[in-house]
Every structure is written in structure tokens, then in C-alpha cells.
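Here come two complexes built around chain A, the first alongside chain B, the second alongside chain C.
Moving on, here comes the complex of A and B:
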């Protein structure tokens, strides 16, 4: 049997960190689905873009990735606004599924643009080796603490935005009933713009965290897509808080599934982690398509 | 360039074969998207199921993977199609009672899981090593002739699928499918089992895609992990169908031909560039094809050959 400390240090904490990253991506997918009513396939590549924009600053100016975070978030949000204007806005009034095809195309355009600009090699931020802090039996890497804390701060900020500001309330209104929101005088296009800014901004933060935690490569957006969708479905699509819970749950499930629960061998081979996300998604679609947080059943 | 040189002839044959294989995939996607309006982001999964099933069933015994069944292709191909259909049925049953986006998300999942299975279960699929020595039909013939014969086989299959799809399009089944695609609520209100029809279209499409995968495995005679790469299969087939004209079987075939000619011709051109540019231009190529997709979606949504409603069989226009 593996000691409890190893269970926490090698499975639970990494699961929590991965869960935070998934949560940041899934919020955007869930919000966009709620407001624009389509599954945004390019969202994983938004995260990739964020991760690569940070490389501009870490590689050229020797910034720490944390310092590059705000400007990366803004940059990715701007790109998202441009992409929306060019590729999604023309489809506002057509069936959602055509927009899905457009986002599928944007996904591959983003990826090939990234490959063209930065090449296909795996990159890191060169933060150097930092030794983990030890608290008794716990070994926690500083970056794990930062990722969890920054994610928590971003989620709280999102909560305050959605519950306290006029714009946040308008956003929830559009998500609940776009037609009713429009006739009550809400500027839907403004809400859409802010949905992109928030969704893409959080995705960029998640992407930078992936770079801090492991490494950056052009195909990582595709690998992220399945866990992100699974998290959004689990949390209930259109429900940002659900997406946070769903992201954490998928991250933890994926890591804990590789724990040797019943024998000396990992319960699920590490190579099959994305299959765990898929299983969760399929179970939810069969059992409760509205998600844990009673999102919308479309 | 001497157009009668054997090199150019071989190029033409490979062009015909490849665009034929893509036409099969495109016709399969048209059954799903053009007929029923179902978004499938996991074409690569059904392609790979078809390719790996036939490769495992027809190759000689090998210590590297599960093989040695030595089945003839006339048996292996239907089995490959059946397996793909069963998997499509399972996923369709779960997702198709929900909104289309859920199917889209689930097909990403299927594509990922199939890719992981092929990568990790090396005892079954040879993993990263790949499966060599897949027999191509007509290999007994002299070199150019066997290529030509295989191209003929591919084209014959395209013709058969086209004929069947056209029949289906004009049949009550195809009309119901269009009705469901354009307004599922109206179709449900007149008593059509919407989910059942969608599952049928999804399964049939997946079976045709598996045939495309099987053809590709026997054409290249080698099957590796690149078969599960979403780029070459899923993305290209989508672009082909959208550019050619979704909802029109002729459009599906024309789209496959045109996009494959553009794709392979630009590859020939860029391969003459100096070293580093070869890799660079391949990304520019994807970028440009992506922009082409967006332009067609926005400006020419019907594609090159727009959809045509099936002819009324018993109702002559002049009698109205």
C-alpha cells in the first residue's frame, strides 16, 4: 500500500491543481454555451494561445510567468474579440451548430498559426527548480499553492462580477432567456463581448498555469478539449459555478483514477486519463444531462 | 513536364485513389450532416476503427499485435463497418435525444478514447510501431496496373455509395431526415421518431466512414498512429463537404476531389522549397484551408453544388 502522504502529494494535490486549470477553461465554455448557445471548440486553443503569449515575455524579457499573466489575459481576450467579430458574429442568427463548425475551423487556424509562429517543439517557462515546501508529511510546490490561490481569487472575482455588477446580472439574464433580456433593454452585444473577454481571459490564465505546471506545446488545446467539455457537462452547461465544480471534479477524478486502489497496479493506466473524463461525461449524459447544478437541458 | 511519363501517370492514379477514399468519407459525413444535421467531430475515430479492424483481420500472424486471422477483405470490410456502426449506435443512443452540441462534444470523446486505445493497447494494434504488410487487392498485377485496378475498385465503391445515397435522399426515409434536420419539432409533431431517425443516419454514416478507413489502410499497406490524427481526416473531410455542398452527394464527391487536388498540389509545390520552409508552409496550408472554410461558411453557405430537394416522383410539375 502507498502511504497516505504519497496519496496526498502524488494524487490529491496534482488533481486539485489540474482541476483548477480545467475549471478556468470550463467556465468559458459554460458561459459561452449559455449566452451564445454553441459549443466552442476553439476554447482549448485559446488556452494554448495564452500559454504561448506568456512565452513572449518569459523568453524575451525574462519576466516571470506570473508577471506576464495580466498582459497575457488581456492579449488573449483581445484576440477572442477579433475572432468573434470575424468568425462568429456572422452566425449569431443562424443555428448554433453552424457556429460549432466555424469554431472547429478557428480551432485549426489558431493551432496552425501557433505552430507557424512558435514552431512545434515543446517549450517551458524556465522558472528554474524550486524545492517543495514541507509541512510535516505534506510536500507542496510553491507553484501549486499559487495556481490554487490565483484560481480561487479569479473565481471569487467572477462571482462578485456576476452577482454585484449590472453587467454581470445582465449576463445571467441573457443566459436565462435571451429574448426576454433583449426586450427588457439589455444590450446583448455588449454582454456577448464581455462573455468573450471573461471566457478567453480565464482560459488564458489556465493556459499559463499549464505552462507553469508542466510544459507548453501546440497540440495541448486539443488534449484539453475533452476534459473541458466533460467539466462543463458535469457542472451543468450555462452554469459558471457548476463549471468550477465540474473542472475540479474532473481533475481529481483523472488523477485519483490512477491511484492503486485495489491492487499494486494503478486502477486506470495513466495513459487513459482522458478516458476518465469521457466516462464521466457519458454517465452524466445518460443519467442527468442537466448536470449536477441543474444547468439547462437543451 | 511530360504528361505521358510514368511518374505523372502514377501521380494521377494516386490522386484519383486518394480523392476517391476521401469521397467515401465525405459521403459518409453527408449522411450525418447533410441529411440529418448531425455534427461529428470524431470522423477520425470511425476511420480508425475501419482501418484497424481490417488491418488486424487480414494481415498474417505477427508477434507485435493481434493478427493472423487471414480473412479475405470481402469479409473483413463488412466486419469493420459493422463494428463502427455498433459504436456509433451506442454513442448515438446516448447523445441524440439531446441537443446537437452534446453529440459534438461526445464525438470528440470517442475520437480521443479510440486514439488512446490504439496508442496504448499495443498487443492489439501494435501501438506506435504500426501494422505493416497490409495486402492491397490486385497486387498480383504488374505495377501500374495494380494501382489502376485499386483505383477502379475505390471508384466503383464511390459509385455504389453515391447511388445508394441518392436513392436514400429521394426516398421517404431521406425526406423524413431532411424534415427532422430543418425542424425536429415539426417532424416530431407529425409523429416521426426523431431520435430513431437520427441514430440511423449517424450509424450509416459511421459505417461508410469505416469503409473509407479500410480502403485507406489497404491503399497505404501500412497503418500507424497517424491514422488517428484528427487533422488529416476529420478536418479535411469537413472542409471538403462544406466546400462541395453539404446535403448534395455530388457536392460531397466534388468537394473531396477539389480539396484533395489543392491539398496534394500545394504539397508538391512546397516540397521544392528549402528545408525549414517545408514545415512552415505546411502550417500556412492548414491556415489557408481554415480561412477557405470560413469564407465558404459565411459567403457561400450552400457550397459549390447546392443542395437540391429530391424530385417529386408521382407529381409532375405541369399537372399542378
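Moving on, here comes the complex of A and C:
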């Protein structure tokens, strides 16, 4: 058995950090499904795009990735608005599956464009090595604290937006019943635009956090897609708070599944982490397809 | 000039026509009632105006302006409010938020208008923070009508507002429709409870199989033996 401190420092905290990153991606998937009624398969690549946009500033201007975060978020949101105008809006009145396939196409285009511009090699932000802060037996890296705090701030901001502002309430109204929203005079296209801005912006933040935490590579979005959808399904699709809970749960499950619970060996080999997310999603779809927060059935 | 005028409207869903050329009108400050058997196309007439059914021929005039196939938010901005029969509240939003959504196009001064709606539907006052989906059918109908009134419309279109309600609530809703009308709002009312609806209406339209069967003052329709035997249940 390993000491409790190792359990916290090597499994629990990393699980929390990964969970925050998943949550940031899953919120967008959940919001977009609620408003536009389709599964956005290019969402992982929105995160990749965010991670690479930050590289422009870290590599060329020596900015810290945190300083690049706001402009990266805005840039990714703008790209999402353009992609929506070009590839999703023409299918607004088509069956949902048409838009899903369109998002597959967008996913491939984004990834290819990223490979074309930045190359296929793994990149990092060159933040240098920072030693973790020690609090008794706890060893916490500054970046872990930042990622968790910034995620918490973004989720609180999202909550205030959805519950206090006219546009946020309209977003919930459209998610509830698009036809009724339209006949009430709500500008549904305006709501759709803000859904893209928020979903893509949060995804970009998550992408930058991955770069800060580990590394950046063109396929990272693809690797993220499964845990992101697992998180959205777990929380209840169309329920942004559910997506946060789902993201944290999937992140923690994945990390804790590799803890040597019963022997000296990891309970599940780290290479099988994606299978953990997949299993959670399958169990959830069978046991409770509307998710923990009673969202929509897929 | 009529508030609303519908000329030879042909409309339906997909490839199926439900309305085969109907004429309707609502005069300013008056109540027009549409009655008729199931499948006559009563609701389709309202849905077609708001783009929820497709208009194939004919035209819709509001205060003399052609509004055929205009997007919903333009109609709402002109002063036309519509309460669908089913799914007419945002279930996960609170009652207050439902009312705020009714005022989406004119966000200023919402408090005064919510207060006006409370005056019209006092039972909603203590439910303002509750999710609309948790309310009873009658209270939900009040929320739906309140939401529609938030923009202070010139025309209120109600699709079977008393469907599925207890007699007590039914009387309340009819009573409120009269009150709304007396404040100067024109009403286009689609109803299954034909006798009660005609009793509060000024003009009545009997539709059958997507066509006008009888058009007369509501009072005359109520005493018309043929209408009574065929459509009002004797």
C-alpha cells in the first residue's frame, strides 16, 4: 500500500485537475446539444485550437500561457462563430444527424489545418520547471491551483450568466423549448451565437490548461472526445451544471482507477484510462440515460 | 380596418394541407372565436400565422400590413402574442423568468408589466420563484397568458386555453379573457368548449375540414339551430 499523501498527491489532485479540464469541454457539448440539438464532434478540436492559439503568444512573444488565455478564448470563440456560419447554420432546419456529420467534417478540417500551420510534433509552452508547494504532506503544483481556481471562477461566471442575465435566461428558454422561445419573440440566432461563444471559449480555456499541465499535439482533441462526451452524458445532456459534475467525476474515476487498490500493481493499467470513461458512459446510458441531472436522452 | 385579416389561407404540415382556403378577421378590441370539430384546422390557423405550419396560399394582414410568412420575432414586435395549446410555458424556468422571456424584445420596465400580470392573475404572485413545470394546468395556462401579455400586445391569439382544465379553472380563464379584452386587446380564441367561447365572443367562425362553414356574430351562432345540432353538441 502507498501512503495517504501519495494517494492525494499522485491520484486525487491530478484527477481533480483533469476533471476541471473535462468539465470545461463538456459544458460546451452539453450547452450546444441543448440549444442546437446535435452532438458536436469537433468540440475536442476546439480545445486543440485553443491550446495552439496560445502557442502563438508563448513562442513568439514570450508570454506566459495564462496571459495568453483571454485572447486565446476570444480567438477560439470567433473561429467557432465563423465555423457555425459556414458549416452548421445552413443545416439548422435539417435532421440532427446531418449536422453531426458536418461536425465530423469540421473536426477533420480543424485538425488538418492545425497540422498544416503548427506541424505534427508535440509542443509545450516552455514554462520551465516550478517546484510544488508543500503543505505538510500535500505537494501541490502552482499550476494545479491555478487551473482549479480559474475553472471554478469560470463555472461561477457561467452560473451567474445563466441565472441572472436576460441572454442567459433566454439560453435556458431556448434549451427548454425552441418553438415557444421563437413565438415569444426571443432572438434564437442571437442565443445560438452566444452558445458558440461560451462553449468554444470554455473549451479553449480547457485546451490551454492541458498545454500547461502536459503538452500540446494535434490529436489531443480526438483523445479528449470520449471523456468529454462521457462527462456530458453522465451529467445529463443539456445540463451545464451536470457537465461540470460529470467532468469532475470522469477525471477522478480515470485517475483513481489506476490506484493500486488491491495489490502493488495499478488496479487498471494507465493505458486503459479511456476505457474507464467509456465504461462509465455505457453504464450511465443503460442505468439512467438522462444522466445524474435529468437531462435529455440522446 | 381589421386588426387581423386572413384571406383564403391554404396551409398545412409537410405535404398535407389542413386549411383549404379560410377567411377570418379580428376587429380592434373585439373577440373572434374559432370553433369546430377536431381536425377542422382551428389550431393550424394560428400556427400558420407564426410559421409553425407552412402557408401555401393566401395572405395575412395585420393593421393593413401584409405579415404573411414574417419571422416570429417580427410579429411579436408588431404586437401579436400567441399562446400555443401545449408546451406553452418554459418548464424549467421560474414563473418570473417565464414572464421576463415574454418581454425579451422590450427589456426595460419589466417590473411594472409583471405587476400588471399579477393583477390579472393573482394566484401567480406567490408562485413567482417556482418552476413553471411544477404548477397545475390552470396555473400554467395563467403563466402562458401572462407571458404573452408582457409586451402589451394589440392582438392575443389563444389556442384552446381551457383544454384539460377543471370547470372552476375554465370559468376563471374565460373570465380573464374578457378582462384582457376589456383593456382593449383584440383576441382570437380557438376553443373546444364552443358554447362558453361563443358566449364571450363577438364574432364566431365555425370551421370544418379546413373550410369556413358558418360565419356570423357569436350571439347568432349560439342560437343557430344547424350550428347547435352539428357543432355545439345539441
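We adopt the following convention: the second predicted complex is superposed on the first by the 297 of 298 C-alpha atoms of A that agree within 3 Å, B and C clash if a C-alpha of one lies under 4 Å from a C-alpha of the other, contacts with A are read in each partner's own complex, and residues count from 1 in each chain.
Keep in mind that, in the parts below, a contact is a pair of C-beta atoms (placed from the backbone, for glycine too) under 8 Å apart; a residue touches a chain by one contact, two chains touch by 3 or more.
Bear in mind the structure is a predicted one, so any value in this text is a computation, not a measurement.
Trainee: Determine, for the superposed arrangement built on chain A, whether chain B and chain C clash or fit.
Mentor: fit
Trainee: What is the contact status of A:184 with respect to chain B (first) and chain C (second): first, second, both, or neither?
Mentor: In the superposition, A:184 touches chain C alone.
Trainee: Using only C-alpha centres after the superposition, what angle do chain B and chain C make about chain A, to the nearest 10 degrees?
Mentor: 90
Trainee: Which holds for A:170: it touches chain B only (first), chain C only (second), both, or neither?
Mentor: Only chain C; A:170 stays clear of chain B.
Trainee: Is chain A touched at more residues by chain B or by chain C?
Mentor: B
Trainee: For A:127 in the superposed arrangement: first (chain B), second (chain C), both or neither?
Mentor: neither
Trainee: Measuring by CA atoms in the overlay, how small does the chain B-chain C distance get, in Å?
Mentor: 12
Trainee: Quick one: in the complex, what on chain A touches chain B?
Mentor: Result: residues 33, 38-39, 41, 86-87, 90-91, 96-98, 100-102, 104-106, 108-109, 111-113, 115-116, 120, 222, 225-226, 229-230, 233, 269, 271-272, 274-275, 277-278, 281-282, 285-286, 289, 297-298 of chain A touch chain B.
Trainee: Can you list the chain C residues touching chain A in their complex?
Mentor: Chain C residues touching chain A: 50-52, 72-73, 76-77, 82, 84, 87-93, 97, 100-102, 104-105, 107, 147-148, 151.
Trainee: Show me the residue ranges of chain A that touch chain C in the complex, using the header's touch definition.
Mentor: 166, 169-170, 172-173, 175-177, 179-187
Trainee: Mind pulling up the chain B residues that touch chain A in the complex?
Mentor: Listed in rising order, the residues are 37, 39, 41, 94-95, 98-102, 104-106, 108-110, 112-113, 116, 119-120, 230-231, 235, 238-239, 242, 279-280, 283-284, 286-287, 289-291, 293-294, 297-298, 301.
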